[in-house]
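Listed next: structures, encoded as structure tokens.
Here chain A shows up in two complexes: once beside chain B, once beside chain C.
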Partner chain A sequence: MRLLKAIVTLLLAGLLAAGCGQQRILEKLGFIQATGYDLPSEQEREKGRELLVTINVPKADPQGKMKLETLSASVKSSKEARIEFARQTELSLVSGQLRNTLYGVSLAKIGFMNHIDTLVRDPSISQLVKVSVVNGSAHDLLIKRYPEHPNTGQYVDRLLEKESISMAIPRITVYDFTRDYYDDGIDPIAPILKQNAKNIAVDGIALFHNDQYKTRIEPDKTLIFAIIRQNFKYGEMSINLAEDKGEEGQVIFSSVINHRKIRVTREQTDRFSVVIEIVTRGSVHEYTGNLKLSDDADRKKVESLIAGHIEREAGDMLVLMQKNKVDSIGIGQYVRNSMSYSEWKKLNWEEVYPRISIACKAKVIIQDYGKFK
Partner chain B sequence: MVKEKLYPFHIGILIYMTQTGVLVLSLPRMLAETFGYNGWLALPILAAVASLNIGLIAIVHRMGKGKSIFSILESALHKAVLFPLYAALSAVWALTGCMTAKNYVYIFQMLSFNTTHPMLFKALLDILIYLLMIKGIYNISKASTSFFWMIQWMLLLLIFFVKDFSWVRMTPFFFKGGTDVLKGGMSVFTAFLGYELSILLFPYSDSNKKVMRAVFAGHLFTTFNYIVLSFICFGFFSFEQLKKLMYPVIDLLSYIQLPFIERVENLLFAFFLFSTVATVVMYLWAAQESMRQMMPGVPQKLLAFIIVTASFIVSWVPDTLVEVGKWLEYLGNASSGIAFALPMLLILILLIKKGAKL
Partner chain C sequence: MSLFKRVRHGKNKPIGQPDKPDVLPSLQQTLDEFKDCIDLVHRTMPEIQVEFVYFGHLVGSDPFTREIAVPFSSISADEVPSLLARTQYVETQSAKHLIKEILDGAVAIFYGGKCYVVNVYKPDNRSIEQSETEAVITGPHDSFIETAEVNLSLIRQRVKSSHLKVMKYEVGEVTKTDVYVLYIDRITNMGYVRELSRRIQNIEIDAVHDGNMLVQYIDDHPNSVFPLFPTTERTDAAVSKLVSGRVLAIVDGSPSVISAPASFFEFFSSPDDYYQRWMLGTATRLLRFSAFIITIAFTALYVSVTTFHYEMIPEDLLLTLTESRSRVPFPPIYEALLLETTIELLREAGARLPTKIGQTIGIVGGIVIGQAAVQAGLTSNILIIAVASSAIASFVIPSYVMSASIRLIRFALIILAGMLGNMGLIMGMALVVIHLSGLTSLQSSYLTPVAPGRFKDWRDVFIRAPFWMLKERPTQSKSPNEMKNKMKE
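After this line comes the complex of A and B, so read on.
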């Protein structure tokens, strides 16, 4: 019995001691919050260093003040950067709390899937890390201090999160990007960020072909893009009716609920006609034109004006996408689903896509026009 | 002492828990690789094959009137013939159990404690398994029932994926773009294995029909879970992406974000320990049952100790995740072979004996 007790005690001690094996002490850890990837300067590239990596590490401070450490290095691969950074800091860097990865526009143009690959592969990195493109250099954006926003990583994260709720930009995570990258019927997209003198601003949507940045949607047109891309439940857009003939005034169309359908008809083997049907409803709480919203006929007219605006804008956008050979709204998925597997495999969608005819039909419903007649 | 009998409800859950193991983490990817687009539809077909197998076991149960398979075997064959058979059964079952455990440890280590020696975790797991094993089948089944509730709630997590699930991604293609259907199909089939151990439960349960019905119900529930999970994966991930993900279910879990906690997948993965323990314990218990026929004099606890230790030593051999996967594939095929061959042999014996009596 005594022997048994001794054995059990020894075993227990062994088990407890095993807990000392890999310690993680909070104060000694550096949680990487944001990572930026850029192409390095010419000289660095001549030395074979293909990548400029910048990281943002918030530090715990006893006085409760926000401290931020920013490190950057020109390296051959992103994991090599980790080793390089380890040399520059007293903290052990961990990437479990990574929230954002930013890609400089010059790198985005040549493609960055091999850098996304390591984010998918590394189990310590969440699949919810956001992907965005910086119009300019990700390094400069991260290294700069914004006095109003001491924690840059968190600032960017919250900005992207908030903007995506109102559909101003899509919420693109590593999961979304890889999913659309590997799908043969859709091309990936990502929001664009821009560094201003005092702050960071959202600057439209980047459209990719495979992993290469091709063209962008201007920031004031992102909701139109959202309308043709997906169903959603909350959005806001401002429409200048004066752009269209006849009427004048400004409409703010808000609380938009959008339903989208894509219909594909095959005319010949490689000729398709695609109709995007949109039903969108929302409220008008600001209108500066001469029509009376309380009048049924006038309201119908405003509805059709808004619908016309959406159709025209969407049409231009689709032309832009076809010209750049980016299928960012996933028409390919619907074309794929309209045919058999062997037909789809035979079809060179990338070649066919710019030549198909796409029409957009919008129906707008003004659900209410506020509490003033 | 009155021997406690297993209730059909417990048998059903025990079978379900034995079937559900670590393989479920990679199941959707295996389906996509093997069967191509909408590969999840292969699950009902494979489940039907397994159901046929359960049918064979049910025939043994009926013809043998619920007698232990060992007494059926020993009534017809000489010990010298049976000895290698028992040895083979114990070896395959024990190794399947211990490799499943090692597989879990390796995946766990990919997520956390990467540099701790894997065999240390394996040892901890084995202690747990040993303690459960020596309690006997009745307590194993009770433990499995409580483990069941600890993992089954996770099915509700699938609600998280409804928002990003897309019918368009499912495509209207069926079984297109797959690879080696036979080889891959056999690997996928091993995800159903575990039901074949029900053949050992006869002496521990009542000899009525309900026993086999419970086994079948457990198997149906496994099939249901697999189908729901794989279906969600096929609509949540794009096809080529799914083919590239080693453990789609871990990626699925990592997509869950709660307002008060992030990166829950590490926490959730720990729950898979329960289903792994249940699977491993059942396989090692099966090995012990078969070994007991070879060494009737040896006390059960010692036998359990020998099996756990021996399998611990063997599991030292493969030392990468890929190697463990290969071992599991071979062992899975061997187990599938046993699953079909053993009941057929027993039916043959029973038929011959019946003929002799007439």
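After this line comes the complex of A and C, so read on.
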């Protein structure tokens, strides 16, 4: 009897609960892979439509060919966009496979935290969705078809993923962005994408104050930015020694392992002196100068030249950041750690930051320089 | 009436006719008893006034010549009493006993109103061959056959110890099948021996045909899907169970030898785990446990993921999966049940057919159904992979009975997964675990050594640790003699 009861209860529970979970059968779904947010054109904005949303939905094709559906709508809010998109497609759109979210630069200047917020709240959206800024319009970037790259969403995702492995750009996810946004000791950053005639390219790093885009790091300086921002285990940079006095030649400094330390000394209540100590190890893959890398003294010289280059570039970058009042490398966190929380609360960091003195000390170690002497 | 109730092996009165009063045996009465049995042989030697009654096909020609033909044909009438005084000729006072002896292959000797029996039983049996259901690559290849005495001798050959004790019971009102209970004195816990013997004695049926059938009469939980006592055809497996403190039961007429008590995990170990280096043995054992999970859950996972949890699919698989699903006209649950049923049909058909035709089944199943079903758009090719790998995984489990039970559970999980997604799958698995933990085998927990936790046993259950680490007999045996080896590291 107990078995019978168990079976009946199970069947009943199953039958009754079967209606509860919404079935989402695979082939009836449209997976949003990338979303783009922009400010719409003037005319649209006059009608009260504040947002231009674009989505990328890859579709399966029985012939195995890649098909991509791109939908876009000018709407009042991102919720309205869902209704608008539903009207345009036969698939039920789901956002559980979202990988990328792109923001046009015009929107980024105003701030887009309320759009990130919806991503954080939806439980089906991963916190690992990548955030990036488009230098131009996200709508145009997503709507264009790139013949060599049939699936735009995947293309962008893999591009960002690969570039972040070599530290050319930071890997910024929804989680990272929100964390840095709510942390008062650091300002968020995001990679910038640019639409070229035939492809998409990474175009530096956007620096934010709160959620507003302020300034950017040029694409050729991104590794310097990475060196002062974090420890990492793999990177590559190219240095033109001719820029410095004395020597000539080009160095490709590769397999970079970076350790950085930030030391904060408080000179007065609102005067701080910050030293960023950097130790960078790596291999020289290419060197076109006249010095002999196998010679200890010469190698030391090249090391100090590279260190000098890093220090100068980093110094310029820090000046730029201070000028724009963006604390993108998180000096505020170290300042906060050097004092009590009540003192930190009293300190107006945003005011103080542009005035602190930041010095950068780099030490470069060339570990390998190849077979030739 | 509770279906899940533990069957109590009570001491009921035997059914059948009331006992006839026992009488002294006589020739006429014996012949009357075997009336119409034309295979009964009745020989007379008038010169010495001796009569023999026996079944010709039950007696062996060698022992018959030695015990009957030669001695009785070479003596005169007055020498008969002294000949019958030899110990092999046992005088019997009971007619019932006499009939039983004749049925057991004895020759009944009637002389001067007295009756003697001499056992010359030598039945026909097939030769000892390799087990087909439990084949191993390395290790002994002999296996039990249908004759209990040969099976006993196979065990005695391997355990040359006076501590190996054998008890004999009779089961089956009509068939009177012999059931031997074997244990090793001072290693086996006598509680288990008594319990198993009691259960065997209390069975009330007309016939027992196989060890796997007898097992179900002495089961703690006859309504469970899971077999509670492992049966084996392999002599080395049987002996290893014996030595680790289990009780064995040999059923005459069946090559399957029962061992008790057992844990669920015992069904996943195979003798060749011990014949290979321990790392390999460990790897294979872990493989079998993963096969268990694959068998019960892989197809169900496919169903739940494609019906409810598209978020779980890796990006690169998403489009191929959607593409192959997009041509299937059924929801994933019907698709999966359809294919699973087909696989079960194939398996059952393959088991019934002789090997030569069996190969055709493989081709029909593998190519025609597998390939064509995808092309016809009846199933998605990912499902074919899921179903095939769970079918293959089910054959990895060494015990056939266990693997069949597990395959049945799979269907329930698929249905649950189709209705409730991953939650249903987890609910189903939880129910299986709850059920398993309620089971007992000969009144000891079926989930030992997990529940109750006996962690030192794990090194011979989930892995196969090197022999120097396996110093003690399994705790489930409750052996009075726990140490089995004194090997140092």
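FYI, the second predicted complex is superposed on the first by the 355 of 373 C-alpha atoms of A that agree within 3 Å, B and C clash if a C-alpha of one lies under 4 Å from a C-alpha of the other, contacts with A are read in each partner's own complex, and residues count from 1 in each chain.
Methods note: contacts are C-beta pairs under 8 Å (C-beta built on N, C-alpha and C of every residue); 3 or more make two chains touch, one makes a residue touch a chain.
All figures in this text were calculated on a predicted structure; none of them were measured in a lab.
State whether A:27 touches chain B only (first), chain C only (second), both chains, or neither.
A:27 contacts chain C only, not chain B.
Going by the contact rule set out at the top, does A:96 touch chain B (first), chain C (second), both, or neither?
both
Which of the two partners, first being chain B and second being chain C, lies in contact with A:183: first, second, both, or neither?
A:183: touches chain B, not chain C.
Determine, for the superposed model, which of the two partners chain B and chain C contacts more residues of chain A.
Tallying touched residues of chain A, the top partner is C.
Between chain B and chain C, whom does A:341 touch in the aligned arrangement: first, second, both, or neither?
In the superposed model, A:341 contacts chain B only, not chain C.
Look at A:60 in the shared chain and tell me whether it touches chain B only, chain C only, both, or neither; answer first, second, both or neither.
second
Let me test your reading of the model: by the given contact rule, A:128 touches which partner, first (chain B), second (chain C), both or neither?
First partner only.
Give one of first, second, both or neither to describe whether A:3 is in contact with chain B, with chain C, with both, or with none.
A:3 sits against chain C, while chain B stays out of touch.
Have a look at where A:353 lands relative to chain B and chain C in the superposition and call it first, second, both or neither.
Once the two structures are laid over each other on A, A:353 reaches no partner at all.
Do any residues of chain A touch both chain B and chain C, and if so, which are they?
15, 18, 21-22, 96, 124, 126
Under the definition above, what is the set of chain A residues touching chain B in their complex?
It is residues 15, 18, 21-22, 96, 123-124, 126-128, 175, 178-185, 330, 333-334, 336-337, 340-341, 344 of chain A that touch chain B.
Using the touch rule from the top, collect the residues of chain B that touch chain A in their complex.
Against chain A, chain B makes touches at 37, 110-111, 113, 115-116, 120, 124, 168-169, 171-173, 176-177, 237-241, 244, 250-251, 254-255, 257, 262-263.
Going by the contact rule set out above, which residues of chain C touch chain A in the complex?
1-5, 223, 306-311, 313, 315, 318-323, 325-328, 331-332, 415-416, 419-421, 423-424, 431
Note which residues of chain A are touching chain C in the complex, please.
Per the stated touch rule, the residues are 1-4, 6, 10, 14-15, 17-18, 21-27, 29, 31, 33, 58, 60-62, 64, 66, 94, 96-97, 99, 124, 126, 154, 157.
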